[in-house]
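Pasting the structures here.
Each of the two complexes below includes chain A, the first together with chain B, the second together with chain C.
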Partner chain A sequence: MHSEPETLQQVVEVMQQLGFGESDLTELTEETRIAEDLGIDSTELVEIVVALERRFSISIDADAEDAVVTFGDLVDRVVRLRHDATRAVAAAVKG
Partner chain B sequence: MSAAAELTESLAAGITRRIADLGAAGSAFDGYLGEPAAADPAVVFAVGVDVVAVERIEAMVQRQGERLLARLLTPTERTWCAGRSGAHRARYVAGRVAAKEAVRKTFGGQGSGVGWREVEIRRGAAGEPLPVLSGRADEAFRLAGLRRLHLSISHDAGVAVAVALAG
Partner chain C sequence: MSGIVITGIGARTPAGEGLDALWDSAREGMHRIAPIDRFDAQDYACPAAGQVDFDALDHLPSRFVKRTDRFTHLAVDATRRALADAGVTIGTDVAPERTGVMVGNVLGGWEFAERELRALWTDGPRAVSPYQATAWFPAAPQGNICIDQGIKGPARTFVADRASGAYALIGAAELLQRRGADLVIAGGVEAPLSPYGWLCLETSGLGAKSGAGAAAHELYRPFDAAHGGSVFAEGAVFLIMERRETAEARGAAVLGELAGWGVSSDGYMPYYTVEPTGQVLARAMSAAVARAGITGDELGAVFAHGSAVPFEDVTEGYALAEAFGTTTDALPVTAPKAGFGHLLGAAAPADAVLALAAMRAGLVPPTPGLTRPAPGIDLDLVRGTAREVVDWQHTLVVSRGLGGVNACLLLRS
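Take a look at the complex of A and B:
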């Protein structure tokens, strides 16, 4: 599974809070497909993305959202953006 | 699958069947699903339909606020949306979302990756919805071999339904 279990768990929590697959989410893998396997439609994915943005104080651009096919894609996007934000803060403090 | 999703599939199947029946009957509509649009500008080459539950959109907007609207609607669409009451706004947004999905479906396999804000739904002189494409939506439209796009939106029984015909 993913290398950042804490982030992964938080993504799952956000999805559960929105009412998505309370039981299904316990068996998620990186390859689990958002639409086909979880039955999440394009509008629901928008809400998940917005909820993740608010939870993690990140900004997921529209192109990135359109490229999300699997649960792994979603978690990777969050992990990468959180790292970018951390690096930006560190650089600002250093500079 | 949600009730709205089931209704969408059912409507799409019904419309496709009716168009196919017209062609099979050898009527004036013969060839609706046949040759690409370039052969006849009146030919309908693709159909897209989508149904969105207004209540679901209203709940989403209540939970996520303007940030959600900013992802689904263009700045122009948001301007038209501003100042409306919660229920009225939800109807408007549901109609736009259904319309954008219906338009995307006419692109077939080319529609993958088309963003919400790359399909803008404007209003014509008579109040009719006018889809305006940009970016990947415009590209997908051309790659799908389409030249014309028509759209209709309706609201009733707590849902917004949109049908797009392309040729």
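Take a look at the complex of A and C:
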């Protein structure tokens, strides 16, 4: 799935609110690795996931977080869950 | 001879950054205690404190700041400065495995904890920072100092009320003596300026109470007839400690020696007060002097616990008389902490470094707020202005905690 530039930018904003500064996010691409390049450990990933959930009104499955290796993975997950949420709302409205 | 020397000092106190700022303030008897502006303290018995002008984000990375409490910020910054003062880089000048950390703290990190507990009760568990558990607990500064400096040796946190910092310095000296480390970062830290932390200090009964229209700087009055408890402060003071031969081998400037120490416990009920004759505290004083290989008449001055809690003031006087007899008639006693506030876990380390600065200058700093000694306290108290003392080589630092935890230090210039 392709990351949407708008969602990507919002994920960056969430991370900035969690203390990520310019030095942390320079040369950030979808291939940037969460652990090795950004130094994000499991605790900080929990913090980021919860912040993304609140920002986008989505629910991220914590058990599937192992699959998040790159920054692109993280953004993709948010994009997919937002689409799912939109479809669910649309279905409910039609229902 | 303990052979344990001090080769670096880092401090963040209400007087500013570093020992020079603290010493200048103490020597002049300046008043650093002011109305609390960190939170709304108007409903507290003591709405004044010694506050540190320190914005963590100016000195530490934002991702570090967000996961730690202010007491960790102050401690990590002060240890960096202490190491720089000593000219030491861990991993270059000393092996990480041979470096130790000893920290004294009383309250833990309540500013962080209060914010997150508020989030828990108002927005639910998902709103709580995942760092809450590790940010609050009293050993957080110790762990973060080790991470920040890559330290791999023995590390420990002492929680012994207001004697915590003295216990940390003693722990460092004993570790060095038994060669468990070659260099130890030792000191104390406290950040009590949050609504709940401050309330704990109020309900402890140890805090001064405003009233009768006294100004903020008039509330903390050790040994004065109007003494009524401490005004507390935030801050961090850390020392670099080494065996003398290690320090000399690397060409370090030796700032002084922790020549002796002594501890004792009152084991006295009710727990919120202290043993009334002062005899148990006296034993810790005598032990500190004896370990340094000197006698009471070689003491140049005493930096008192000076909590201004009436019963503690009086028994501290009894203890000095018990330990040193008629020598106390001409033994200058001072409590410079009345000027910048009682630093709790960092109080004894602050007194220790002030004692070194005072001996170097040959000046005993005054006890701010002391104008008329309380009846029954028969000590040679230094008040008004600093007093010159010649050939001054030894200073006793007295430190006590709730329940009669006594820890005394003997500093040699």
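The criterion applied here is as follows: the second predicted complex is superposed on the first by the 88 of 95 C-alpha atoms of A that agree within 3 Å, B and C clash if a C-alpha of one lies under 4 Å from a C-alpha of the other, contacts with A are read in each partner's own complex, and residues count from 1 in each chain.
The rule we apply is simple: a residue touches a chain if its C-beta (ideal position, glycine included) is under 8 Å from a C-beta of that chain, and two chains touch if they have at least 3 such contacts.
Since we're looking at a predicted model, the values are computed, not measured.
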item: First, second, both or neither for A:D73, with chain B first and chain C second; value: neither
item: Dominant toucher of chain A (residue count), chain B or chain C; value: B
item: Chain B versus chain C as contact partner of A:V50, first or second or both or neither; value: both
item: First, second, both or neither for A:F20, with chain B first and chain C second; value: second
item: Which superposed partner A:E4 touches (first chain B, second chain C, both, neither); value: neither
item: First (chain B), second (chain C), both or neither touched by A:D41; value: first
item: Which of chain B and chain C A:E30 touches, first, second, both or neither; value: neither
item: Touching both chain C and chain B, counted on chain A across the two superposed complexes; value: 18, 43, 46-47, 50, 53-54
item: Touch list for chain A against partner chain C, complex; value: 18-21, 24, 43-44, 46-47, 50, 53-54
item: Chain C - residues contacting chain A, complex; value: 61-63, 65-67, 126-127, 129-131, 134
item: Complex contact set, residues of chain B against chain A; value: 1-2, 5, 52, 56-57, 60, 63-64, 67-68, 71-72, 97, 101, 113-117
item: Parts of chain A lying in touch with chain B, wherever the complex brings them together; value: 18, 39, 41-43, 46-47, 49-51, 53-54, 62-63, 65-67
